[in-house]
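One chain, subunit A, appears in both complexes that follow, with subunit B as partner in the first and subunit C in the second.
For the complex of A and B:
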């Protein structure tokens, strides 16, 4: 136990160093394996283990045991129980046991004005009953259903958080949390939950003023959602997975996406909560915008040019990502290690960098397990400053 | 008579008010079937411009989706003037998101672009088991089977679907194209598909090559 404690301290120091602008002893490693991967890795049934979460500790433990990471490498925040109770249409399990987000339309195009005038009321009255079919009923049944769903949510999350605590203690993970809260860029919220990808893509051309106003109207709610209950600290960040920007023209991004998103990240920073962005897809067109965000915004990149990112953002923000998990599936062990070395050579100089993959492997067969372990071991033991 | 080049450009520019305005005026003058066919072709050529601008990174996925919507609205206006079976179909495609996968944005983009290119598309929707592909292929005898998916797991379902087509003795009668985030050349070989793409416009070109 004393060893785990010392290890945790050392690991915490690595992350504090990159956040405080000091060069750490070595490149910290923080990778994440989703619950689906963990269940398959533990050889359990995907559907059963997501419903019966009493197996979760054993499942997560195997990942922690076998894959190197300086922070807790497992997490789960969507369970079928509460989505099923709500009759969710926005998170649905496929026939293979994978919980997915289908295209949904929570708000009709002709209802934009209602949302803009009072987003909260519109969500309660119109959007929730549409996204959650079991809430599309009389008031008392609705209240009971919501109570049941929240009971399930609290039970699942309570269980998961307890497991996280145990594993953190057992394996000596560092005390820095990049998933302390969760929110969405306002336009992403309007796209993902209200209008769908298709809806928003057509709305930006057919009713552009309303799209702009809706993103603005959603901003206070997104800020509120991102202010997590963990006391403000520069070492605990709110996670914001970014979605729509790479699929938009730059001129549309400038008008519909950026202003409200920037406002969100700045408001969180002002309240003492840094943001951890998953910069999904390719954002190379937008690097100058990302530069403008408050110092020490954590940015994990999926695709793009790591050299350019280091050059433009590396002095101000915390960079991560870029390591292609597809290579872990198809490459030889040596190729995989060489790629890690190449990225570290580009991204590590000057600090403000931790190692992560370009995206989380959702399924066990997304990667070759041996390559994955070899790369993580390599970085943990060789990436010294 | 409307200026066909101007219409093609308006579609390429995704200028919806202009396109729909031109088409409404055109239909109001009770055009013949031949004239209408020329107008449909002009719209389809506009979609080729959209595909090219996408390749040049001037348009992005959101624009492709809107282009599909625009074309659907255009065809709806033209339908009364088109007559029955006026536009000969260039080929048939049976299309679906494979078993286990619920994602359909990419599939729908490919669908609208291949319809714009003159294909008759039978869309089986999402989370589609291999048996549903086999039944539909038996029923409509398509030239092409298109499989879409976003999860890496979709690759296994694609392989199962090709295997099921083989077992039913149907594999040699169709070309198989796979599309979506996880598809690669290696995956294509493993699955036994004829082509793969992560770009809907390119996928349509591949299909056009097969039915020429």
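For the complex of A and C:
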């Protein structure tokens, strides 16, 4: 236990150093394996383990034991229990055990004005009953259904958090949390489950004023959602996965996406909650915008030019990502290690960088496990300053 | 937030003048906490 405590202190220091603008002893490693990957890796059944979540400790323990990371490398937050109770149309477990996210339309185009006038009322009265079929009923049944779902949500999250605590202590993970809260860019919120990708793409042409107003109206909700209950700290960040921007014209991004998103990140920072952005797809067109965000915004990139990102953002923000998990599947062990070395050579100088993959491996067969372990061990052992 | 589905503690207290000062002080964090937990849950369902 004493060793785990010392290890945790050392790992915490690595992350504190990159956040405080100091050069750490070595490049910190923080990778995440989703629950589906972990279940498959542990040889368990996807359906059974996501319903019987008492199995999760053993499942996550195997991942922690076998894959190097300086912060807890496992997480689960979409459990089938509460989605099923609510009759979810937006998250549905397939026969293979994966929780699918079908394209949905929670808000009709003719309802924009309702949403803009009062987004939370519109969510409760119109959007939730449309996406959650068991809430489309009389008030009494609705109340009981929501109570059951809320109980299930609290039970599942409580169990997961207890497991995280045990594993963090057991394996000596660092005390920095880049998933302390969760919110979305306002336009992504309007796009993802309210209007859908197809709907929002049409709306930006046909009803642009309403799209702009809807993103603005959603912003206070997104800010409030991102203000997690963990006391404000520059070492704990709110996670914001970014979706729509790469699929938009730059002029549309400037009008519909950027103003409310910037307002969100700035408001969280002002409240003492830095943001951890998963910069999905290719944002190279928007690097000058990202530079404007508050100092020490954590940015994990999926695709793009790491040299350009380091040059433009590396002095101000915390950078990560870029390592292609596709290579972990197709490359030789040496090719995989060489790629890690190449990225570290580009991104590590000057600090403000931690190692992560470009995305999380959702399934066990999306990577070669031996390559994955070899790369993580390589970085942990060799990426010293 | 201008909505009948989320109340700050101050709004709740204004609607319940029967709550005395001692009780109010003791119950405020818990009551506000549950309000915020439900808000977070509702928003999570759409993210």
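Going forward, the second predicted complex is superposed on the first by the 385 of 385 C-alpha atoms of A that agree within 3 Å, B and C clash if a C-alpha of one lies under 4 Å from a C-alpha of the other, contacts with A are read in each partner's own complex, and residues count from 1 in each chain.
Definition applied: a contact is a pair of C-beta atoms (placed from the backbone, for glycine too) under 8 Å apart; a residue touches a chain by one contact, two chains touch by 3 or more.
Every value quoted in this text rests on a predicted model; they were computed, and no experiment measured them.
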item	value
Touching partner for A:362 - first (subunit B), second (subunit C), both, neither	first
Which of subunit B and subunit C A:95 touches, first, second, both or neither	first
Which of subunit B and subunit C A:246 touches, first, second, both or neither	first
Which of subunit B and subunit C A:231 touches, first, second, both or neither	neither
Partner chain in contact with A:43 - subunit B first, subunit C second, else both or neither	neither
Touched partner set for A:198, first subunit B, second subunit C, both or neither	first
Touching both subunit C and subunit B, counted on subunit A across the two superposed complexes	none
Complex contact set, residues of subunit A against subunit C	86, 88, 90, 106, 118, 120-121, 123-124, 127-128, 131-132, 150, 153-154, 182-184, 189, 192-194, 220-221, 224-225, 229
Complex interface listing, subunit C residues touching subunit A	1-6, 33, 36-47
Subunit B-facing residues of subunit A, complex	92, 94-96, 98, 100-103, 197-198, 200-202, 204-206, 244, 246-249, 252, 326, 330, 362-363, 365-366
Subunit B - residues contacting subunit A, complex	14, 16, 58-63, 65-66, 69, 99-105, 108, 126-127, 129, 151-153, 156-157, 184, 186
